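See structure below.
By letter and in written order, the chains are A, B, C and D; residue numbering begins at 1 in each of them.
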Amino acid sequence: MSKVTSMHDAISTGVSDGDSIYLAGFTHLIPFAAGHEIIRQEKRDLELIRATPDLIYDQLIAAGCARKATFSWAGNPGVGSLPAFRRAAEDGIPTELELEEYTHFGLIAALDAGASNLPFAPLRGFIGSDLPEHNDNIARIESPFDDDYVYAVAPIQPDVAVIRAQRADDAGNAHLWGIQGEVKIAGLAADTVILSVEELCSEETIRSDPNRTVITSDDVDHVVHDPYGSHPSYAQGYYGRDNEAYIEWAEIASDVDRVEAWLDEWVYGVENRREYVEKLGAERLLDLQPEHSYATPIDMGAYR
Amino acid sequence: MNYTKSELMVVAAARELENDDSVLVGIGKPNLACNVAKRTHAPELKMVYESGTIGSNPSSPPLSIGDPVLASGAVSIEPMRNGFNYYLQAGRLDVGFLGGAQIDKYGNINSTVIGDYDDPTVRLPGSGGACEIAGHVDRTLMVTPHSERRFPEEVDFITSPGFVDGREGREELGLDGGPEAVITDLAVCRFDERGEMYVDTLHPNASREDVRAETGWEIEFADDLGTTPEPNEEELRLIREDLDPNEMYTDQAE
Amino acid sequence: MSKVTSMHDAISTGVSDGDSIYLAGFTHLIPFAAGHEIIRQEKRDLELIRATPDLIYDQLIAAGCARKATFSWAGNPGVGSLPAFRRAAEDGIPTELELEEYTHFGLIAALDAGASNLPFAPLRGFIGSDLPEHNDNIARIESPFDDDYVYAVAPIQPDVAVIRAQRADDAGNAHLWGIQGEVKIAGLAADTVILSVEELCSEETIRSDPNRTVITSDDVDHVVHDPYGSHPSYAQGYYGRDNEAYIEWAEIASDVDRVEAWLDEWVYGVENRREYVEKLGAERLLDLQPEHSYATPIDMGAYR
Amino acid sequence: MNYTKSELMVVAAARELENDDSVLVGIGKPNLACNVAKRTHAPELKMVYESGTIGSNPSSPPLSIGDPVLASGAVSIEPMRNGFNYYLQAGRLDVGFLGGAQIDKYGNINSTVIGDYDDPTVRLPGSGGACEIAGHVDRTLMVTPHSERRFPEEVDFITSPGFVDGREGREELGLDGGPEAVITDLAVCRFDERGEMYVDTLHPNASREDVRAETGWEIEFADDLGTTPEPNEEELRLIREDLDPNEMYTDQAE
């Protein structure tokens, strides 16, 4: 029943050209290693879905993997824009990029509808905005009980979601802590789920704290043990966010040649995440290391 | 005191915050403003981030709204759906900070495109959380440099609603609250009973002409036009020593 | 900023005759002590809302506190029916009882809409059932995107919710583990929230594990430190469910006089939960005590 | 082997479960059936409870569906909204056990009222989770004693849909799955291509006449009417020694 495999095999089995994919995470636990493997395997015509495309989607777009972005905020948080995203959206370089645009709340509600098998999700969103005119998956809907109204979004159900967590057993039951983002509903909404973790643990560890579980084995197709798999994003309690790398990307990505060189060095030039981490070097890892700060224990009780 | 325009902007924003506010914090100057407020007149300020962290108490200023310093030591962390659904939509947040490439005279914000939506001159990041923040907090605060390009009479695209086409327009849509203040490098602007932006206080050394030159419509001035109060020593010390020692978000006076 | 008070004062301040009240919890953490205090203070004409009325609502009904029950399953789990509920619903004894009936999913969705400030919540519920004909707060609604349909429920926003958790700081930030039920959304949907806990803890304990937080201080009006406040329901890790008491209730409640005698002895006859627990006796407490079983620790990391 | 009717019912129900099923477990006999299955032919059976516990592994049989033994050692625990929304509604559960005061020939279940809804003869507990369980699992299993009162041609009130007015009726409502088997103390009944209940196997010692006498309509019998297989030694040992030693849910043979 173990679903443990390499990222190479998980991506080659799980992701096909043309798929809609959701690399989940809100700032925290972004699946960079999975994105790089997708680039290395030269997947094409992907629909990239996520609230915050972040650097990893900028890299996928720069590498020519994407045909469409479904998103709500395409920027480099605290730094500026996503240069490759803009080049593709504004000038079709290296490929045309179709956009399907939401607000954060709208996209998350759509994903929640997808996870819930609902034909739509209602939200008090988009009100007063010009966005609904440009997206057919947003519609005004009246309350059946009074003269109130909301907007509805159509469900989003990605072909593949890649989600990360701190630890999982080999069947794919996973614990996540820190910022949860939309990791759970991305996993629930998608057909195929690749779960990548910092640590493999026993099923007993998972069962010791069931309230910490973000997804269970039935929804997981592949489990990848990929330490530092979120760098330059982070894993709460394991390593910090490499803000320098985010700041540097702004410059690298503004120039097509520099992007190519960067991809050659950091993606095509390494075989897997382990080689990438070795290349990062111990000094950088140590700089990102937090001090320990354990949660106050809880007692579930053993009942007879 | 010696201070810069950006320091004044941070402090003016901090002073908009009240002690029992729950504030949806943005990155950059808004984050500094919240931290200045919390360490001076608003120690009970509850800082909430779009990433779902509630009651964050960051040990150092975060670069993004999802940095690990916002999670460690927070009072609660909510999945995104809960944050938007239960906190923002249900009216649990009093204040939100927003920015944008364009702000118009009704306080509507554009952070989507310059030019035509389908063939934009500039593709901006988009709404993110902004549209619903603008719709659901009681008071929206905007912190942005003053320039004619940034202050057109009408935005190219409404990403986040201000008073739409006036206070009545916003009300008809069923939205409460609205824009409270726009803090620029020249002035603090507020909104009149029609929902139009006017200049409430001019910063020291800024003139009516400076503001007129950098605003895309005939902006009005308060009858009792005041001067923005200067930052005090403690506020400046906090910015320079504790919150932004590397001048990432502020230029700092010596 | 401490909101700590006695249950007596929390109920006398928080609950008025005629209020709609939600004593939250699904089997776990049911606020029995709060219910008994409501009976002692002779509150009247209450609308009792909860998916599973359980024994505590049966006792409130028997004591004449209720005018209406909004519910989805009125039984004694694993045992049978709720005799006082039935007497009131079938024969108006001791008072007429108006019923507003849902399914579990429907009631929880309605409460979620209440917590979310939405005019309705959609669900694939009630389909093929006769229930919608008998409840105006259930309506069929069409999808704006295709020819699919769902049912919608109107929001539920109780005047008062009483929720329990294992531990909270004195401002009302609370940690809950084990079965979560609808505790969070009951607290979020209600105007007034009374939080009762097994243990008071430091704010630092709460902040050590923010993912464990079920509700925060802004939503809490009163904090009551009431150990064993859920007996004969339970608090995971603190004491077990007193199944014998649930089984005994079936017999007691079938007879109006026995109910009166029981209320005299266990509710009117004690001043507060502490006296109730003393009356229960050490032997019973020991029998309900689980062995310790701590969750595997997590490291949040201390970041500079 | 010596066994009782209630033991046979539990075992017949257990045998309906497959190794990779996710099952929404009910209390009483269904709980025993799931535990028998998990400890014999279906070790991977995933037990889910309405209380939100996923992958429970109870050390002793719970009285309610929310007992602490279901939480300690579970793989996951979901808030009620998530359990219904993500697990039940989104089709993650294969099998559900339901009971009721009345089951009719289309497998519709009444657990709401006997008599008129607004002035009932008997006020029953109501749906709880049952209505949506009946609507969303692939296979609904019912375990109930056989009696004319419990098996009317048409229920007084549809709490939980079976095939409604036939398989087509259910399909038109957009519901998949449906009733799979009704296990009584006389027989195992299934549903034909019209969605009508028929007798598939008679329990040892039960006759067609017994069933006819206790059924409120002219129930049909399978052309190849079989006999329900008897419990084996291990199944009986599990019930008697491990799962229900105090005979709370079963009468037990010596």
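In this text, a residue touches a chain if its C-beta (ideal position, glycine included) is under 8 Å from a C-beta of that chain, and two chains touch if they have at least 3 such contacts.
This is a predicted model, so every value here is computed, not measured.
Counting steps between touching chains, the shortest path from chain B to chain D takes 2. Counted by C-beta pairs in contact, the busier of A-D and A-B is A-B. Ranked by how far their CA centres sit from the centre of chain A, the chains are topped by D. Chain A and chain C have Cα centroids lying 37 Å from one another. Chain geometry summary: the mean Cα position of chain B and that of chain C are 40 Å apart. Chain geometry summary: the mean Cα position of chain A and that of chain B are 28 Å apart. Residue numbers of chain B whose C-beta contacts span two or more other chains: 53, 67-68, 71-72, 77, 85, 89. Along chain C, residues 117-118, 123-124, 148-149, 178, 180, 185, 211, 236, 240, 290, 293, 300-304 each make contact with two or more other chains.
On the side of chain C, the complex with chain A involves touching residues 117-124, 137, 139-141, 143-146, 148-150, 152, 154, 166, 175, 177-178, 180, 201, 205, 208-209, 211-212, 236-238, 240, 290-304. Contact residues of chain A toward chain D in the complex are 1, 115-118, 173, 185, 188, 203, 206-207, 210-211, 213, 216-219, 300-304.
Note for the complex: chain A touches chain B at residues 26-28, 51-52, 71-75, 77-79, 81-82, 85-86, 89-90, 101-105, 108-109, 112, 123-131, 134, 148-149, 178-182, 184-185, 234, 236, 240-241, 243, 246-247, 290, 293. Those residues of chain D that touch chain C in the complex are listed here as 27-28, 50-53, 62-68, 70-72, 77-81, 84-85, 88-89, 108, 112, 117-118, 120, 122-132, 134-136, 157-161, 164, 170, 173-175.
Interface residues of chain D, counted against chain A in their complex, comprise 22, 44, 46, 53-55, 57, 59-60, 67-69, 71-77, 85-86, 89-92.
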